[in-house]
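In what follows, subunit A forms one complex with subunit B and a second complex with subunit C.
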Partner chain A sequence: MHALVFFSKRLSAIVVSLAAVVTITFYLMHSAPGNFLEMQQVREAMASLDSKGREAQKQYEIEFQKRYALDKPIYVQIGIYLKNAATFKFGPSFTNPNVPIEALVREKFGTTLQIVLIGLILAIVAGVPLGVIAALRKNTVWDYGLMGFSMIGQVIPSFVIAVGLIVIFSVMLGWLPTSGWGQCRHYILPALAIGAAPIATVARYIRSSILETMEQDYIRTAFSKGIPEARVILAHALRNSLIPLITVMGPQFSFMLLGSVLVEQVFRIPGMGSMFVSAAQQRDYPMLVTSTLIFAAAIMLVNLVVDVLYAFLDPRIKLE
Partner chain B sequence: MSPSTTTPGQGPGAPGADLASGFPAAGSDPSDEMSVPQYGGMAGLRRDWRRFRRNKLAVAGLAYILFLFFIAFTADWVAPYHYETTNPPAALESSSVQHWFGTDELGRDMLSRVMYSARNAIVVSFGSVLIGLAVGAFIGAVSGFYGGILDIAVMRVVDIMFAFPQFLLLIILVTAMGRGLGTMFVAIGITSWAGYARLVRGQILSAKNNDYVEAARCLGSGNGHIIRKYILPNIVGPIIVAVSFGVPAGMLAESAMSLIGMGLRPPMPSWGNLISAGMMQMYGFPHLVLWPSLTFGLTLLAFTFVGDGLREIYGKE
Partner chain C sequence: MRLTKWVVGPLALLSLGIYGLYNCVLCGDPAAKAAAAAVANGGRPEIVVRIPSFPTQSLEPYVWAPQAVITQGTLLEGLFGYDRDLNVVPKVAESWVLAPDKLTWTIKLRKDKKWSDGTGVTAHDFIYGWTRFCSPGFPSPDWASVFVSVEHAMDYKSGSIPLDSVGFKALDDYTLVVKLIKPRSLPSFLALSSTLPMHKASFEAAKARGEADFWWMPGSFVGNGPYIPVRFVRDGEIELVRNPHYVGERGNVDRFVLKSMSMSSQSVQIQQYEAGELDVAHVMTLGDYAYASKAKHIKDQVVMTPEMGYTGIQMARTVNKLMNDDNLRRAIALAIDKADLAKNVMGGRVNPTNVFGPEQDSLFAGLTGVSFDREEAKRCLAKSSYRGEPIYLFSPPSTDVKGLASVSEAIQSHLKAIGLNVVIENLEEGVLNSYVWGGGYIDDPRYNRPGLTLFPGKVLWKEPVMMLRAADHSWDWMNYDYEVKELRKRITLERVALKKEEKGDKPRDWAELKVLRDSCAAWFARIKSMETDSLFRNKILEKNAAPQYDRLLSSIGPKTARDEKIAKWQSAKDVLLDAEFEFLTYFGNQRNHDGKVTFAHLETATMEDSATTPLLRHMIQLSLDQNWIIPFFSEKLVYVKRPWLTGESMNKFGMWNVLFDLQYINVDEKAYMAAVHPESKSWLTRLASHQEGN
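Moving on to the complex of A and B:
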């Protein structure tokens, strides 16, 4: 019952925040100089300079405005948009008038999610063992080397890491393609670029968490029973670090989701991020608002799931 | 900033807070290096510097940043060429005595372009931090100090700013405002004020409940006097730390925007647009992406080291 109240409270807060995000985006778009029609007009004007062409153009514009409800006041537009968004219908975009946005989003978001999930898996599969090694070899060359690398991994932005990976693995070694999408080998570099910071963050977290746990009484008890050090660390110390790891992964997910905007540009991957950037460049407002909404919703929902999951896995945590 | 505001801003619960720091050591000579740490003025600064100096990485980072500043602001004189000077016969050369970082497809000197990029990055990042801090600190201070319904309303707005993915808001803002150097730092400032507002409000709330503020109020001090004399000096430390992380974040935002073609307008160079331009010719001429990436990466590392060093002194945010 308590959890249900918590859940509905958080969910309604998310809905309100998303409505605010949509409203801000709408107003900013509305205040922008130049719109999609004007940008198109320049192109059309070249083709049709006679009066007949101009008449057709005018007709087209009126129809266009009607179709996207642009002739209505902005708050009405926002209302219509929010009402449709509630049922996951976003209508067609400017640049792609025959396909509903939700169909495009489904495809592109899938692509982005694939990279992010591979990055997430990498973060755990690589980050946890690296953190354990650093903790086991505390204050040795191994520890310093690993922590130094993870410092660099955390600080250098994903798009610079992406460029570095391309230079090494594509240009110099010729092992992997610089761009493209669809085959297995296309996933490796983007996932590494986007996963570098999460791997580093997880490794640092696991290391410090294990070292902290080693001070606990029950670890001393385990040692005094004669259990070997490696087993104490893996079975006693590490196990206790894994549950709070979920709270570390939540922010990493949003970090990677937003990082995908840049990494997709570098590798020319047709995902959500590329779609967002091209929507901004072409002033495709329905597409821009919808991709913003999807990004924000994904981040907020993941944060909610992390909180619920954490409380579920650790009975000491109470939802409130 | 007067010397008195840069006194050790020991936030409540600052890790390294030593007892002596809170009280002026009576009768000690502030010019004496070995004197007991003292609250206030140049002595406080000197003590902070002594603690900062112990962190070798932070000192190295600071040295690098000072070097970068020097290069950036004397670029008109120390750069071997202007960033727009083309020289087609010498296009796409790799490193040589004339062109340390090589040249690009128009024969422009890459070293000069990287230097001018540093200047643009510094202008944008410091400009954005100034705007974000000024707006955020004012809103946070008023909200925290007066409280009540105003505070609740302001914090709702801050929550919404946090709900909006920062980088996406930045792209949308630039779409609305048009690209360029000026809009770049205004837009980054707008997307970052909420963090400063939350920080300053939190600091003010915790400072407000301290006994010494109550004591000052009992002695008849007005709001302005209390803010200036008792609250401000105590929140300067956390703000310095936040700024030291805000500046590289601003540089990152500027370069990322320039990378996707929404930042500075070419031919004005930025690490971001140098990298994206270099990627077109990565096969054969990897030096075009190598140097801007290296400089940019080193700069971010240096700021992180300095930020960590400052955090050790002034405590967590």
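Moving on to the complex of A and C:
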């Protein structure tokens, strides 16, 4: 029962927040000077028009505004948008009026999610063991080396790591392709680039969490009962240290989702990120607001999942 | 120790897994696959060329989007197209005649041209495509086409008249007639993607399947260009193979792989080229240019070709009196050390220029622009009314890739050297564009500051007005005067406010407007008696809105609804305001008048006419004399390409500077096979003996 109330509360909060995100995005978009029709390339072409053409241009602008409801007050535009968004219909974009945005999202969001999930798995699979080693070899060369390394991973932006990886693994060694999408070998470098910072974060969290857990009474008890070291660490220390990890994974997911915007550009991955960037540059309002909405929804849903997992893993926490 | 086993063990396993994965997926190498597949090709491996392209969302030719460079000439062939030097040449057209009225074009088509399904290309295919472009409700960009100048085409688009009144028709299978409303350089426009033909049967079939928006997908697509698509991934890769029925000049490439990527600093094209994944790579950033032109293994493969356009500064569109000072503008033009910009800031990637494009271009020969002279600049500044006010240099953000941000810094230092107080203000691209294009009319004090903006001027296609380089700017200088901008601002704001004025249902509302109507009639009567150039006189008299006011007023009867009356009143005021701008600016300075008259003639000129070039040169010289726009360099499009690749044609027009017209690309087979398929030695030996035999 508690869980049901919790879910309905959280889901309605998400719906309200998404509506707020859309409203804010609309206002920000419209208050930024310049619009799609004024964007350089369109203007350049239009500018060549003679006087008869200017009338056609005016007609074009009127039709354009009508098609996208730009002639209506902004709150009406937001209303129309939200109403359509509720049924997952976003209409066509400015730049390519023949393709509805939902078709693009359906095609592209899966790709972005794939990279982020691979990055996330990599972060856990690589970050946890690294953190454990660093904790158990505290203040040794292992610890300093790993933590120093993780610090580097954390401070270098993912797109710089991406270019570095391309130069080493594709150009110098020739092992992996520089870009593309669809085959397993295409996934490795983007996942490493996007996962580098989360690996570092996870390792650092696990390290401090294990250090704290190892001080607990029950660990001492376990050792005194003669349980093998490995079992103490894996079954008792590590398991209890994983709870804080879940809390970092939520923000890490958001972080990677945003990072994917740049990593996708470098590796030529046809995902949401590249769509988002070009939409912002060209003032493609429908595309821009939809990308924002999708990113926001993904982040909010992941946060919800994290909260649920948290309660599941730690019986002391209740869903309320 | 046991602990290490537990932690290091899984890590080792993981690495093994990754290694195994890597090894097993290596079998999927496309190059290996292509080589295997091509063994069927008479033992000769397939010739595959991989080139970068813009992210592409569809292959619909009738939208003004990056796909235009693939559809135009490569997938579909128009009546006209470009040769490798970008001259407009006939493709499907065989001959054409322009009637003495300079409006009616009759075009005969070649009879040997085929669609990819083997059927012949006829005049009806063009009419079918053009009709689709012009149909009401189809979101085609009218402004990027000639149809705005075709008789009744726009009326048809607005839904007000039936199709058979539109001025294009097929007289028979191989004869087309196009009737224009004013002289235009028709062949230039018939080379653009908006006038490509369409294969009716395949489109109708896709439509019947409910896939009208996806008729261009591989499998459904029937084209008349040299290549057809066989694979399409939105914003991903596109593969083209030879159209087996194509008739015409074409290179020996069997397959093109177009890899979509962002043409910005975020792309790693050079690395992809080095890794052997691209056969051509654009050198986008100054950093890449510095690397490519020095790196031993690729510096010989760097190709540079001058763009059709220039980069310069223009006086910002903001409404401020300061820049009206001729001496100040001339001082600015004199103060910019163009050679320094080209060499030290742009690293030799550009050519300094005093005109609106490469100086060696015959269009500019003998024209005089302003060259760098710091002492003269100081003297000029001393004669001006400038008294140390801040002049803003509105610039792209410092992260911009083309080096324009560093150009701003250099210009600031050049201008400071003569004593100007220049302040750089970095603006995001969207905001900057409103200062370059649309600014000045917004009711915001920031838009009243004096300033300069960096500006790239481009040619979008070959046609007299476009050839002025950067259309809007190289001719629009007549509208840069402070008084003109101030007037335009007032009128623009009034027109915006007009939408909220609910007037028109009372006689006194119309009486109020009659004052403007009468002065409009009086001014245009004066213009009619004064203007000596008949073409320009006719053009400007079209702007007289008094008759339209009379028409709208007389159309109001006792039964006219209130809303309709308001709409008519608003419409009348709108055209009157437009007319007010025209007649008030007519009596500006003589140079502006000269510019407007020349421009009116250029609008109706055709590229084929020998009188056009002198007109263009006159207009460019007028613009150079004003210094409203100051060019300083002309960019070179830079790319690297494999030594075995020849015949490539770079799109040097304003947008989408990538390889296009892929039909001209040819590969030196021997060098290609040796480089790409060393395993096919036996085939090479046969080729060699074959060549010797010949």
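Convention: the second predicted complex is superposed on the first by the 293 of 320 C-alpha atoms of A that agree within 3 Å, B and C clash if a C-alpha of one lies under 4 Å from a C-alpha of the other, contacts with A are read in each partner's own complex, and residues count from 1 in each chain.
Here is the rule we use: a contact is a pair of C-beta atoms (placed from the backbone, for glycine too) under 8 Å apart; a residue touches a chain by one contact, two chains touch by 3 or more.
It should be emphasised that the depicted structure is a prediction, and the values quoted were computed from it without experimental measurement.
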item: Contacts of A:A296 with subunit B and subunit C, given as first, second, both or neither; value: first
item: Subunit A residues touched - subunit C or subunit B, whichever exceeds; value: C
item: Touching partner for A:V266 - first (subunit B), second (subunit C), both, neither; value: both
item: Subunit B versus subunit C as contact partner of A:P157, first or second or both or neither; value: first
item: Partner chain in contact with A:T25 - subunit B first, subunit C second, else both or neither; value: first
item: Partner chain in contact with A:V141 - subunit B first, subunit C second, else both or neither; value: neither
item: Partner chain(s) touched by A:S17 [first = subunit B, second = subunit C, both, neither]; value: first
item: Touching partner for A:N96 - first (subunit B), second (subunit C), both, neither; value: second
item: Touched partner set for A:R283, first subunit B, second subunit C, both or neither; value: both
item: Partner chain in contact with A:V167 - subunit B first, subunit C second, else both or neither; value: both
item: Touching both subunit C and subunit B, counted on subunit A across the two superposed complexes; value: 32-33, 159, 163, 166-167, 170-171, 178, 262, 265-266, 277, 281, 283
item: Residue ranges of subunit B in contact with subunit A within the complex; value: 159-160, 163-169, 171-178, 252, 255-256, 259-262, 275, 279, 282-283, 286, 289-290, 293, 296-297, 300-301, 304
item: Complex contacts: residues of subunit A adjacent to subunit B; value: 17-18, 20-21, 24-25, 28-29, 31-33, 151-152, 155-157, 159-160, 163-164, 166-167, 170-172, 178, 254, 258, 261-262, 265-266, 276-277, 280-281, 283, 288, 292, 295-296, 299-300
item: Residues of subunit A that touch subunit C when the two form their complex; value: 32-34, 38-53, 56-57, 59-60, 67, 92, 95-99, 104, 107-108, 125-126, 129, 132-133, 136, 159, 163, 166-167, 170-171, 174-185, 188, 228-230, 233-234, 262, 265-266, 268, 270, 274-275, 277-278, 281, 283
item: Interfacial residue positions of subunit C with respect to subunit A in the complex; value: 2-7, 10-11, 14, 18, 21-22, 25-26, 28, 55, 57-58, 60, 63-65, 139, 141-144, 148-149, 154, 158, 181-182, 213, 233-237, 259-262, 264, 266-268, 271-272, 274-277, 428-434, 436-439, 442, 458, 460, 463, 465-466, 470-473, 476, 539, 542-543, 603, 654-655
